[in-house]
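In what follows, chain A forms one complex with chain B and a second complex with chain C.
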Partner chain A sequence: MDDNNTPHSPDESEDQKNSTRRNFLKNLGLAGVGVATGAAALYSGHIFEAKKEVSGDQKVLLTQDGKLVQVDSLEIKALEKTGEELLISQGREGIPGRRWVLVIDLSKCRNARKCISACQDAHQLRPEQYHVNVLQMKDAPGTAPYNMPKHCQHCDNPPCVSVCPVDATYKRPDGIVLIDNDRCIGCRFCMAACPYSARIFNWIEPKDAASHQGKDYNVELNVPQKLGTISKCLFSADRLREGKLPYCVEACPNGVYYFGDENEDAVTNGTTKETVRLSKLLRDNGGYQLMPELGTKPRVYYLPPKNRLFPFEEAGDATPEKA
Partner chain B sequence: MTMDDNQFTFDKITSDLTHHIRINKGFLIWMGFLTVSLMVCLYAYSIQLRTGLGVAGIRDYVTWGMYLANFVFFVAASLIGMLISAVLGLIGMKWLTPITRIAETIAVAFAAVAGLVIVSDMGRPERLVYVFLYGRPQSPILWDVTVITTYLVLSLLLLFLPLIADMAIIHRKVDRLPSWLKPIYKVLSLNFTDNPQQNKIINRAIRTLLILLIPAALSIHTVTSWLFAVTSRAGWDSTVFGPYFVSGAFVAGSAAVIIAMFFFRKNYKLQNYLTDLHFNNMGKVLATVSLVYLYFNINEFLVPGYKLKRADAVHLHELFAGKDTLLFWVVQIGGLILPILFMLFHRFRKPLPIMLISVAVLIAAWFKRYIIVIPTQEHPFLPIQHVPQNFVHYSPTLIETMITIAPFILVLIIITLISKFFPVIPLHETAREKGIEHFKFD
Partner chain C sequence: MRFINLFIILYVCSIGMTVSAQTWVVPDDQKTVVAPFLFTPEMQKQGEQIYLKNCQSCHGLMGKDNWAKLTPPPGDLSKELAQKQPDGELFYRITVGKAPMPEFRNILSEDERWWVIAYMRSYNPKYIQPNPATKASFAGRIVTLDMKYDDLGKKVVVTANEELKDGQSVHAAGVEVALFVKRFFGKLQVGELKTTNDKGLAIFEFPADLPGNKEGYVEVSAMVNDPKNIMKTTGAIATLAIGKPTDMPSLTEGRAWWATRGKAPVWIILTYTLSVIIVWGFIFYIVYSILKIRKVKKINL
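On to the complex of A and B.
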């Protein structure tokens, strides 16, 4: 029994005295460490408290189970949105500070239709479903025919958005008109209202529906496509978010497309990757819009088919509809 | 008239106007036929529900087909309740009394079913509730939902209020009714005892409803016309579309009322109440509204036809001399011009001829909506290229046709049931007009 709590007998040895001193020192050391730790704890607590007390602004919030609680405004942290919720909210908000614009140089289009296939691959579309279609145009009997890629014009005064009864199709601050196919009721009023015939409908089960099942719906890609809802050109909003050019613009082998930001007054050619001034490009080449008299204010500009680089060829027609 | 007014007694009127309220073999066979037909058509709709709108002939260019033409037709036919009861009734035309309930029944049946017709055109019918959850007031669809619901409620009330007195009479005075029907009539009669105060309240309520009905009815078809007129497409981009549709609606509705009058008169033996005079007058009404409709047709085709703007020129050419020419001229001549000419003569306003003319007018009225809705979409501003043939030209499918027929069957079922279990001709009002006031209720 060498415990130092035992009462000392008068005849205890020198060893025992030494042992007692050692224990004292040991206890002193322990106490020192304890005090230091306690002080450190107090200090960090003080810092924590100090941080917490910067704002005296108390907010009353409703919890999920319906209780009212009071919380300091600095303690309120927004929940990070994830998955589909994030895709929907960022898809509604758009990309800040941008005003996207597309320029189509008709003198360069030889109807290669690479834009169409790139687009259809990206957006889960059948061969007869077009977000972009290349039309063979002839304006008057005396004028020359030309090829005209036709996208959604992403109008600044979009008739489709006005007539939508449920806010399924909407205009974003960055200029893009999108469709939320989780919201769309399939009334097709937007198709009737669009003078550019830019919209398509999933009349039958979308292509490869089985393999897309259960995937998070990306409103900026409109994939997975859904039966009984609308689709159309999205200016490849998903690619723009990654800082890339749209699928069609990138796929064109003939330098037809320029895409960019009106705010920066700069557009980039998808084939040559050359970036030019938007205003200069339109001014020098007589840029125009499709049916501006309808007051739709399109965000797509065309450069006239003058000095065409390629001869006009009649294209094959009528892709069969596959069930 | 076949019978002098003083030959009518209260008991005779009651018996004449209620003797059809019984379940007989003919009724059961007719209802059985309607029910089976409806089931077959609902099976067609179940296929559309499972596989999508692709079972119909509509595609990306002609995106609104027969379903929408049908919707416009149903809204149109429902407008007659307002013309007969409100417009003509409020200016005091007494001969209308036996026709008002027929007109209101048609209005209620078509307005109620119109709401279902539009659901058959939805790609996602299960999301119908989104219109109420996320509805945006700048969409004419929201306006349409609002005014059609309002009109339906007003029409239902207008059908019900004059029935209160009739129910009171029937459950007290008619003994041979099936026992399960009597308590229903008693409940519906709301303890009506024909005292002056009750009559005053009911009459005042009816009058208020009639006045409210006029703007509501004008709204439903004007807004329906705006579903087209708010777009910039040739053939739809028109400022007279509202009155053009409203006047066309009166044509369709008057024809429907005349056809209904003819069959009720024959089947329910109402020759003493629906007389040659009523057919003659309704013939005049139909001729008048047809002339107004003709006037708007001339406006609608002559003005753009004079200018021939590029898109209008293509559209009008297709109608006048192109792909849709046969349908267009048969509808315009056979359904509008010839009927007007015939109806100028008294002998064509006799019951049978005016009924046959009305059948022609009503069928033409349906195809007229087809002509308004479909051809415009077959030539949009930009060419239709690189798509399958069935995208270029619209041709309805069998399933689509069956789904289009279903609402007609439903309307017939509703009209049959209402007319079978309630007096087709207002009992209380007829008696009062024949000079038999204040029946003594025990």
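On to the complex of A and C.
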């Protein structure tokens, strides 16, 4: 290796240094001019905008039938959302200031299955598809069996929402977890993520698909159901908008369900229409949640199946008349 | 032997059921109560809505015999067993209830209860409505409630006034009063029933932890408890700033693992951005190094 290996001679580097200083000054000058021009442009733009608000200038618009018209910019209004667009946007916003909560009193459930049929009628479900199902439970060999209605738990920390790759399932400000079937791509990640098995998939053409064709899709009702997408309990978000109790809660003949707003600390029984304090109800009856150890923070509470004054029976003959 | 036992049990049960069905006796003075107005088709329509919302889950659809299988059986209200009862008897049963039938005293107004009866009667072609009751012929007490909040004692004070026959107004003693707070799906009773004292006052302690709106306002209403329906009463309603001010944030406000885009936790955004920068930086560094090698090669040549 010899001197040739050095990339630059001392003269060259001196020359380069000079040119760098010159360039720097030139660039600085250019930048200064640029900033001044930009500021001037911004300021004049601001003045222009401010003037516009006062005077209202004329805009040229294209009408639906293809004519160009001139309209004062102050008179231009955005169209009100209607139809499906409105349903989607209000379905995302929810009902402000509310935190819906469901309480299920297991000591009263007699497996009448009215909640199931009311729900299936409302949400266009086949008899084998459940948003709510009544399970027959037995905790240990020595303990008494009981009936347990199981809904979507509308978790405050929903694993299903975490895994959705397309923002189809989402949590609303009022606590409800909903599904936008128009966005759903049917990947079923959410079904796998849900520890409560609350979700169902439309493997085959939904019930009465022909009669629901062309209807506006209501994200708060999941109707019309779509083939190849997910569905689940929605806490009857469409009914809550009307100030009514959910379908299942209203249909129960045995007073199992309480539904209400946690912010108001009140829940209303769907059968007796009696309103009670949520905190007191849970405290006095030993309310609990399903699998709280998973950290999902469910919005559904259960009251234990104590003091049942009727025998456990199979589905369908839970009525004393038939015995 | 087992079968005989079973038969005995069933027999006893059936006797028990018929007895319990018969024990719901309506006081004689209630049977003669009549509606304060003539039933119209509009009222029947209103009554149908109320029926579908509040009654149909147990009694089923009218004339379809699809009532819920309960003990005692609720029965179809278009059938003779219900229709043979006079209006007053039906009104009393709806008002008072008897487990498992809920009492509708605080759920439906008096008019609403009559509308349901109007709807029921529309299934009975033989029904002829008795002449409506008029206020003048009303023999019972006429009580009006008034409500105030006592700031010092943190108590709701309800005053009951009674209108006498000669038009004079006096404090009504011995009137049972219930206090309610409006909630989204219904009215929440506050405390127990109170009976007014000699000065016509019923004093309710208002729970300090009951949530109100942002400013603490709650809609409070006072009603007379009149199970035998012997009074003509007017309740009181007021919006008072006596609840606990409640302004809970929406459940999607905070950053969360499951939230989308901008609302993800800061550490996820940082880790993700940093890893993207590092990976791309590394790639650029390699490309840059390769270019540098070529440059060195050129100079050497």
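For the reader, a short list of remarks on this structure follows.
The rule is short, and it goes like this: the second predicted complex is superposed on the first by the 236 of 323 C-alpha atoms of A that agree within 3 Å, B and C clash if a C-alpha of one lies under 4 Å from a C-alpha of the other, contacts with A are read in each partner's own complex, and residues count from 1 in each chain.
Assume a contact is a pair of C-beta atoms (placed from the backbone, for glycine too) under 8 Å apart; a residue touches a chain by one contact, two chains touch by 3 or more.
As the structure is a computational prediction, the values presented were derived from the model and not from experiment.
Partners chain B and chain C fit side by side in the overlay (superposition on chain A). Of the two partner chains placed by the overlay, neither chain B nor chain C lies in contact with A:124.
After overlaying the two complexes on the shared chain, residue contacts for A:111 are found with neither chain B nor chain C. Of the two partner chains placed by the overlay, chain B and chain C both lie in contact with A:162. In the superposed model, A:196 lies in contact with chain B only, and not with chain C. Shared-chain residue A:236: touches no atom of chain B or chain C. By the touch criterion defined above, A:205 reaches chain B but does not reach chain C. In the superposition on chain A, A:135 contacts chain B only, with no contact to chain C. By the document's definition of touching, of the two partners only chain C reaches A:266; chain B does not.
Applying the stated contact rule after C-alpha superposition, one finds that A:228 touches chain B and leaves chain C untouched. No C-alpha atom of chain B lies closer than 6 Å to one of chain C in the superposed arrangement. Note: residues 159, 162, 167, 319-321 of chain A belong to the chain B contact set and to the chain C contact set alike, using the contact criterion stated above.
Against chain A, the residues of chain B that register as touching in their complex are 51-54, 58-61, 63-64, 121-125, 127-128, 130-131, 133-136, 138-142, 227-228, 230-233, 377, 380-391.
Across the complex, chain A meets chain B through its residues 128-130, 133-137, 150, 159, 162-167, 183-189, 191-193, 195-197, 199-205, 227-229, 291, 294, 315, 317-321. Here chain C touches chain A in the complex through residues 10, 13, 53-54, 57-58, 68-71, 73, 100, 102, 104, 107, 183-189, 209-211, 213, 246, 248, 250-253, 256-260, 299, going by the rule given at the top. Within the complex formed with chain C, the chain A residues making contact are 7, 94, 96-99, 112, 114, 156-159, 161-162, 167, 170-175, 243-245, 250-255, 259-261, 263-268, 271-277, 319-323.
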